[in-house]
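Each of the next two complexes has subunit A plus one more chain, namely subunit B in the first and subunit C in the second.
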Partner chain A sequence: MKRLRKYFTVFKINFVNELMYSRNFMGQILFFGLFLFVYSFLWRAVFRGGEIEGFDFVRMMWYFMFTESIMLSKFVFHSEMAQDIKTGDIAYHLNKPYSYLLFMYAKYMSSSLIRMTMNLMFGSLILFITLHQTPLTPLHLILGIISSMAGLTINFVFFFLIGLSALWFEENTAFHFIYSKFLFTIGGLFIPIEFFPDWLKNFSSRMPFMYILNAPAKVYINGSSEFARVFPMQLFHILVWGGLIVWLFNRGTRRLNINGG
Partner chain B sequence: MEKVVEVNGLSKSFKTKVKRSGLKESFKSLMHPVYKEVKAVQDINFSVEKGEVLAFIGPNGAGKSTTIKMMTGILYPSAGEVSVLGMIPWKSRKKLSYKIGSVFGQKSQMWFHLPPEDSFELMADIYELNKNDYKNRLKELVKRFQLEEIMHQPVRKLSLGQRIRCEIAVSLIHDPEILFLDEPTIGLDVVVKNQIRELIKDLNKRKDLTVFLTSHDVGDIEKLCRRVIVIDKGQLILHSTVNELKHDFLKTKILSLKLEDEYTPQLSGVNVLKKKGTGMKIEVDTQICSLQTILNDIIKRTAIVDMTISETPMEEIIETIYTGGA
Partner chain C sequence: MKKLIKLIWRYFKFNLSAQMEYRANFLIQTFGMVLNDVFLLFFWWILFGKVGMINDYQMGDMMLVYSVVTISFGISLVFFGNLLNMTEIIIKGELDSYLLLPQEELSHILVSRISLGAMGDFIFGMLLFFFTPYASAVNFLILIGVSILASFIFTGFNIIFQSLTFYIGNSTTLARVLPESVLTFSLNPPSIFNGAVRIILFTAIPSMYFSFIPISIIKEFNLLSVLILVAAAIIFMGIGILLFKRGLKKYESGNLIVKRM
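On to the complex of A and B.
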């Protein structure tokens, strides 16, 4: 337990640290509100009172609010990590008795969860006021939060992978650019992947990206049946991709010889 | 004396890509990259005794950081052996990290926006201290480092001196046996520098704490260390006590004189550094010309109104070693 307590303390201290930047949240929330406002016009025009693949205007707006809440809550750390690798500063983490990976995960989850909570509260409030309808129930909310945390964990793995790529590539910002575009498209940020043609839907469901945004958003809307379907897949991706970063990181610490001197 | 660090034949080399300027060369390098081998550390040997304060110095890029990183298990060596507290650092990195502490003057381990208390709490959990041990240790460190008044202020509001005091204190929270200090007094004013030095000295005496110090500040070395190791271009170029270093390299004395009449020395080994009227500053190489000889020569020609004799500053000695004047 003592071995895990250190990561809870990192989580707690980072949480307090994040609260010091509370003004930054305000800017993000305003940005989020603007997004909801603009997209409400687009989707109202698209649906015109009709339904597409089980989504009507109300469900679509809630879907978009959930995906965007997760998207905007991700704590971006890969550039800081890449910088640590390039300058050799990662050494200051490695000479302490903790796992760098878990340290970063605790920090990332703490920052991301605080942002996600703010986004969800604000977004839900706006949609309640404007739409007077919600697919959200207390159970949906609990399962949705669990699925969102799993989604954020998959995203962490990819951010870590991008940060770690600094060991092999001097310039790695392109990887983040490509990754974020995957989230925008086959991750289902703006459009649910259910709207895609079958071949693209099949392709997307085999990729991890939809389990970061699309899957948790649908759990918030559809509840336990969706959760039972997607959560095992989320765990699968966490294990597979997580295993890959553990393996790469262990190899990478030897590679650090080059950059750390 | 018990040896806590033993380094034998330690070497570290790595490959680095050779980059030439120009578009054509860049394309060439893309297709056929050329690498060169850089020898960061070459066959160095030394040991550190328990309770010793050892200075490990060298110019920038000499291989100091690489050596420390190998001693703390962060880097794997290309050849050689290292034993720190009976452990091979790169094989027992985590286990060793419970027994060593480190302070890097240019890299903070404190949370910038939070009070030091939070960083202490985090470190206590990182080192898996139990509540009582932590409380007792914290109480002791707060008292010794005089942190009472700053424990609840955000780190960003602390002066550099206060922050460094916190940095050293937090690195001692788990009661390490060896403390690695990398430029602990960098950027500090003279008063704070002396405070930090006194604290380190005190810890070394009371706790028998072994200190491995790298610094560009000669004052740190003079005031804290008994032994000094100089490394340059990855090789150990000098290994001696601070007293021996002074003795071996203090070949010259500086004489500041106020005389009754003007005087021009004719003796070999005597060099005039400055002259203004009857006042002058001369450098005497005592291996060529003894102090007695030069003083006799002066008295023979004129009378001495005032005189001070000083030694070559330690800084110049170090510079002489770095530039190969040894």
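On to the complex of A and C.
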């Protein structure tokens, strides 16, 4: 526990830093409000006929709010990491008495959590005012937050993997682009994967992407039954993909060649 | 006018050849955007696959929406690539390098950059049109005509809000959110919006002229709608140019040495 204290300090410093510049979130909040507003018209027209795959207008709006809250809260660091690798600045991290991976995780989680909290507060407020209905209960909220944190952790693993790719490839923007499209489609950002044709639904449920957005959003809505189903799968993906980045990072740092400075 | 068209064409050729020097980057950015647009259509493919029709819209209609919007957006940012960077140029005091040259400032700023992503949008829109149920030689000519007009409306609208920087200082957030809002509204079936929102879409967020009226003209040619589109293009461009010219008098040099490459 004592060994983890330094990462908690990184988390705390970064958290305070983000709070100091909370005005930067203004643009993001405006985008978020805009999406909620426009999609409320679309979903109203779509659900005029009633329920589809267990979703009605109200549940769909909350689902969309939760997936967007997580999507917009992700602290993007893969380009910063790639830059560190290319310029050799990563050496300043590697010779310090901490794990670079956990250092980045603490930084990522503090920035992401503060953004997610703001998005959730803003989005919930808007939906409470406009819909007067919510599937949220205190228990759903707690379980949803735990599942979202697991989702953000899976996302961290993929961002780290994309950042690490700079050790082998000079340019990694394309990897991030492809990854974000996976989240957008089979991650269930705009549309729940329950709406997909069967073959695509089966494929998506075997992939880790739905556990970043779709699964936490459904935990917020359905509560403990959903949590019991998806949380073990989230842990499974964290362990499998997390193990892969630890192995790749150790291999990659052996390849690293830094000249003077 | 002749001088202006010559300048636009020469800059286009020059910018394109400069970008072609890094051929891999050119191809990645351009075709990356084509891929991005394909992924955006995925959402509608799933949704229409589930519900068949949203108000009076089917998948073929939605493809036409995407075709018109991406072509118009593409024309706007391929030829006026600096359109969405004007706020940044003004804030940083980088206008000086344009003011010293004999060419008219606004047109010179706008044409001095090309957006490769927008080039991808343009290519995507052109190709997509031929997969819509409205594909015909006559409709293709109408598509080009209305898209050019819509691109002027988008350009004028953005010049207005980018020029606000002269009057209210840093308007980066506004200048970032507003074009996004035009696109977000435009990429939806128009009939889902009603009441006061429709008035907003005719005025403050001109999605009606950018997407909905051009689409109605392609579906069923109407001279009055064409005239409305022409009038909207003249009004938006006129207000934009006026605001820029007046605002320019308030501009204070950043005393910055800028190298334009």
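To be clear about the criterion, the second predicted complex is superposed on the first by the 256 of 261 C-alpha atoms of A that agree within 3 Å, B and C clash if a C-alpha of one lies under 4 Å from a C-alpha of the other, contacts with A are read in each partner's own complex, and residues count from 1 in each chain.
Criterion: a contact is a pair of C-beta atoms (placed from the backbone, for glycine too) under 8 Å apart; a residue touches a chain by one contact, two chains touch by 3 or more.
These figures come from a predicted structure and were not determined experimentally.
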First, second, both or neither for A:Met20, with subunit B first and subunit C second: first
Contacts of A:Arg206 with subunit B and subunit C, given as first, second, both or neither: neither
Which superposed partner A:His132 touches (first subunit B, second subunit C, both, neither): neither
Which of subunit B and subunit C A:Ala174 touches, first, second, both or neither: second
First (subunit B), second (subunit C), both or neither touched by A:Asp89: first
Touching partner for A:Thr185 - first (subunit B), second (subunit C), both, neither: second
Partner chain(s) touched by A:Val38 [first = subunit B, second = subunit C, both, neither]: second
Set of subunit A residues, in rising order, touched by both subunit B and subunit C: none
Subunit B contact footprint on subunit A (complex, rising order): 2-3, 5-6, 8-10, 13, 16-17, 20, 88-89, 91-92, 94-98, 254, 256-258, 260-261
Residues on subunit B engaged by subunit A in the complex (per definition of touch): 12, 14-16, 38, 40, 65-66, 69, 72-76, 93-94, 97-98, 100, 102, 104, 107, 109, 111, 113-114, 118-119, 121-122, 125-128
Subunit A residues within the subunit C interface of the complex: 26-27, 30-31, 34-35, 38, 41-42, 44-46, 49, 52-53, 173-174, 177, 181, 184-185, 190-191, 195-197
Complex interface listing, subunit C residues touching subunit A: 28, 32, 35-36, 39, 42-43, 46-47, 49-51, 54-55, 172-173, 176-177, 180-181, 184-185, 188-189, 191-194, 197
